[in-house]
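Pasting the structures here.
Here chain A shows up in two complexes: once beside chain B, once beside chain C.
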Partner chain A sequence: MIVSRTPIITQEIPEFDQQYQTYQSELEKRLMWTFPKFFYFKKGTLAERAFRKLQRYPSAPQPGVYFPHGKPDIKFDRDRRLKQDIVLRVPDEVKVNEAGETITTSEVDDETIAAFVPNSRTTEADRTNDVLSLERKLSRTLYLLVKDQSNTKGWAFPAFPLASKQPLHINAEVGIKTLGGPNMKLWTVSNTPCQLLKFSQGQLAVESAENVTREFMIKAHILAGDFEAPGVTHAWLTKEEIKEKCDGAYFEQVAHLLAEN
Partner chain B sequence: MVQPIHHTVKINKRLLSPNYPELKLAKHDIRNTAFKPAHTSQDRLQDHYTATLESDLLLINYTHNQQRQEGLKTREWDGSSPYHINRPVRPPRGRLVQTKDIKPRTWKNVPQLELIAINCFVKEAKAQSHLVIAAHLQLQQITNSKVQRVFTKSNVPQWGIRKGMPIGAKAEIFGADAHTFVTTLNELVLPRIRNFQGITNKSGDRSGNITFGLTPEDVKLFPELENNAEQWAKTFGIHITFRTTAQTDAEARILLSGLGFPFYGEEKN
Partner chain C sequence: MTGVNFQFTRGKRNKANRTRSPATERVLTQLKMISQRRKQPKLLQVCQEDHIRHETITTAFKLYRQEINANRAKLLLKQYESIKYAMEDLEQINSYLFHEANTNQKGKRFDLEMRIPTEYPPNQIWLHDYTPAEVAEKK
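On to the complex of A and B.
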């Protein structure tokens, strides 16, 4: 059975991609329509006057004046060579009090915004590299691997002998519950197996081998709980870590089933 | 409705002239006035699809020994009578329109969200045509796209409509815009609708497109309207259609539930 923990947070993107996206979003801001203030602020209202007062208007081109950063191209109080900056409130002033602490004076005293600090993308399990924890590598897909007690297969996905004449996915669900405890909440993706492996005497079998045991792989996602099996050596690993731990021939057979992210 | 108040860039009139087609710039060229930046931010719905959903959908929809299933087609006359010549073909058995063939599911045709079509029909606009403008603006605000007006197609005196009356607005959103819309619906709008059970399992046009509706009160929950609520005394209900590449409605429902939409009720087929 392939039990996976799907990503919890957004993917890590390379620095180049990040810079490209920033560039594109700046371009988008540059090409945006000029803010339709007539729609949001009715003419002659107090709100409109306050809004007008807050804006910083670009300087208009003057005959005989040299503009080192290019001649302004002004339409409706906006320099359309650049993105438009809308000021909706007075920028915060930073002050230092008697005790030497910096305080921010804000017109909008919104405690919820001030208190909002996003959680760290790296967790305690990341720092200690705790492979037993489900809270490691939150942006990646983790897969459950167990170490074979008889040490013939080494590290592999958990497998269970077919107990009776029951469907493969039911057998896999019962097997993983008996191995890893009843606290795991699993969702089986499909009753169709996603891979067939053939073993002969604990090794991956060649085509002409005899007395082969077949291993059908059923896919499942862990939704809650944890794999708790005191007697079993297990680990939650990403694709790269599986490649390091597993036998090369075994990894080759299952690599296409594992997510890159 | 809100229109741009001026051109966002200086127009080079030489390039607009039809005299020199070789001077025309491609639409993805940054010098083209129609250039629109595409990859402006990380698309987490697309990331979820590629990392988890795509392989799961392939496995869920896959069955062994798949064959191409012929859809219902129109039936030709057998030609046993001379009157069969020029006689119109018979409709499919038990239906009026043909259905598509169902091809074997492979990694090449995993269902995907193609686009979201949002349709807003304003019944009151028969008497008060200015309401169409408000409906148009509402769609513009919640979809971040160019909205098209809808006109009546025919004269129906009983309903009080004549051909060509403005009667509503519609928008089609793709890619990142569509993904943002899905996330807004799932995280901000649908969870706050009272008595919302989900999308009914009976919805669907049999070829993988799922539709559901939002009432005028539900539409008020969109953050674009909610943060400017005093401007929106009147809102309009909308129909949202998810156009997917799924071959059947069941597959489309699996895709949408993977994207986070709940479904309820009995399945029709």
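On to the complex of A and C.
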């Protein structure tokens, strides 16, 4: 059975994607229509005054003044040659007070809106490289691997002998709960096996081999709880780590089932 | 806009020389909102060198995405082939297991506990002390 923990946070965006996104968003801002403030703020109201105070206005063209970067073309308080920056609220500054707590300028001014400080994308398990923890590598898919006790297969996905008159996916669900305890919430992806491995005497068998042991693979996601098996060496690993730990021939057979991120 | 009296007045418009009703003014403001007049940016004019740069960036990104999509298609095909291989083998060795593995799981839904990846982790990253309902009832 392939038990996976799906990513909890979004993956790291590759540098090229990031640069292209920035380029496109800047282009979009440059080609955006001017913000119709007269529609959102009625003239002469307090809201309009507050909005007006926050904005930074471009300098208007003056007679007899030379503008080295071209004469400003101002319509509705926007230089139409450039992008328009709308300021809706002065961003809070995050400070640390004497007690070591993080406070924001709005808290200092006794306002209700506080600055948002997100949780760290790296966890304690990442720092200690704790492969038993489900809280490591939050942006990656982790897979449960167990070490074969008889040491013929080495590190591999958990496998269970078939009980009579039981479908494959039910057998796998029962097997994993017997091995790792009942305190796991699992969601089986499908009743259809996604791969078949053939073993003969503990080794991956060739096509023509006889007396083979078949291993059908069922995919499942772990949603809550822990895999607790005191006597079993296990680990939650990413695809690259599986490649390092597993036998090369074994990894080749299962590589296409594992997510890159 | 029929029936609206457009009377032009000299000088600045104010309440005293107002010729339109407030309702008409409101409609006009809304029309102004959706009209492109004075709100469109200047046409983006770039030199030939910059234009070539833009073309290069766009083409590079397109090729990069094409490669990713081709790899994904290849992977999906590989996964399909492996399912097919497993099922064909299962059909030959055990007809009961094949039938069970081949039945349509109609009405199967994603679990409610499944979550979509977010930019930052939640306060409680993982629910460790989980006990299934049937086990909790027995205790």
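Assorted remarks:
What we mean here is this: the second predicted complex is superposed on the first by the 225 of 261 C-alpha atoms of A that agree within 3 Å, B and C clash if a C-alpha of one lies under 4 Å from a C-alpha of the other, contacts with A are read in each partner's own complex, and residues count from 1 in each chain.
In this text, a contact is a pair of C-beta atoms (placed from the backbone, for glycine too) under 8 Å apart; a residue touches a chain by one contact, two chains touch by 3 or more.
Just so it is clear, the model here is predicted, and its values are computed rather than measured.
Placing chain B and chain C on a common chain A by superposition gives a clash between them. In the superposed pair of complexes, A:176 makes contact with neither chain B nor chain C. Of the two partner chains placed by superposition, A:3 touches none, neither chain B nor chain C.
In the superposition on chain A, A:185 makes contact with chain C only, while chain B stays out of contact range. Within the superposed three-chain model, A:75 lies in touch with chain B and with chain C [touch as defined at top].
Once the two complexes are laid over each other on the shared chain, residue contacts for A:194 go to chain B and to chain C alike.
The partner that reaches more residues of chain A, of the two candidates chain B and chain C, is C.
Once the two complexes are overlaid on the shared chain, A:121 sits against chain C while remaining clear of chain B. When the two structures are aligned on the shared chain, A:25 is found in touch with chain B, with no touch to chain C.
Within the superposed three-chain model, A:13 lies in touch with chain B and out of touch with chain C [touch as defined at top]. Touching of chain A by both chain B and chain C, each in its own complex, is seen for residues 6-7, 10-11, 20, 27, 31-34, 36, 39, 73, 75-76, 80, 190, 192, 194, 221, 257. Residues 2, 4-10, 30, 35-42, 44, 47-48, 50-52, 55-56, 59-60, 62-64, 228, 231 of chain B are the ones touching chain A in the complex. Per the touch definition, chain A reaches chain B in the complex via residues 6-7, 10-11, 13, 20-21, 24-25, 27-28, 31-34, 36, 39-40, 73, 75-76, 80, 141, 189-190, 192, 194, 219, 221, 257, 259-261. By the touch criterion given at the top, residues 29-30, 32-33, 36, 38-42, 44, 57, 61, 64, 75, 78-79, 82-83, 85-87, 89-90, 93, 96-97, 100-103, 105, 110-111, 113-115, 117-123, 125-132, 135 of chain C touch chain A in their complex. Interface of chain A with chain C (complex): residues 6-11, 16, 20, 23, 27, 30-34, 36, 38-39, 73, 75-76, 80-81, 118-121, 123, 134-135, 138-139, 165, 167-169, 182-185, 187, 190-196, 214, 216-217, 221, 223-226, 256-257.
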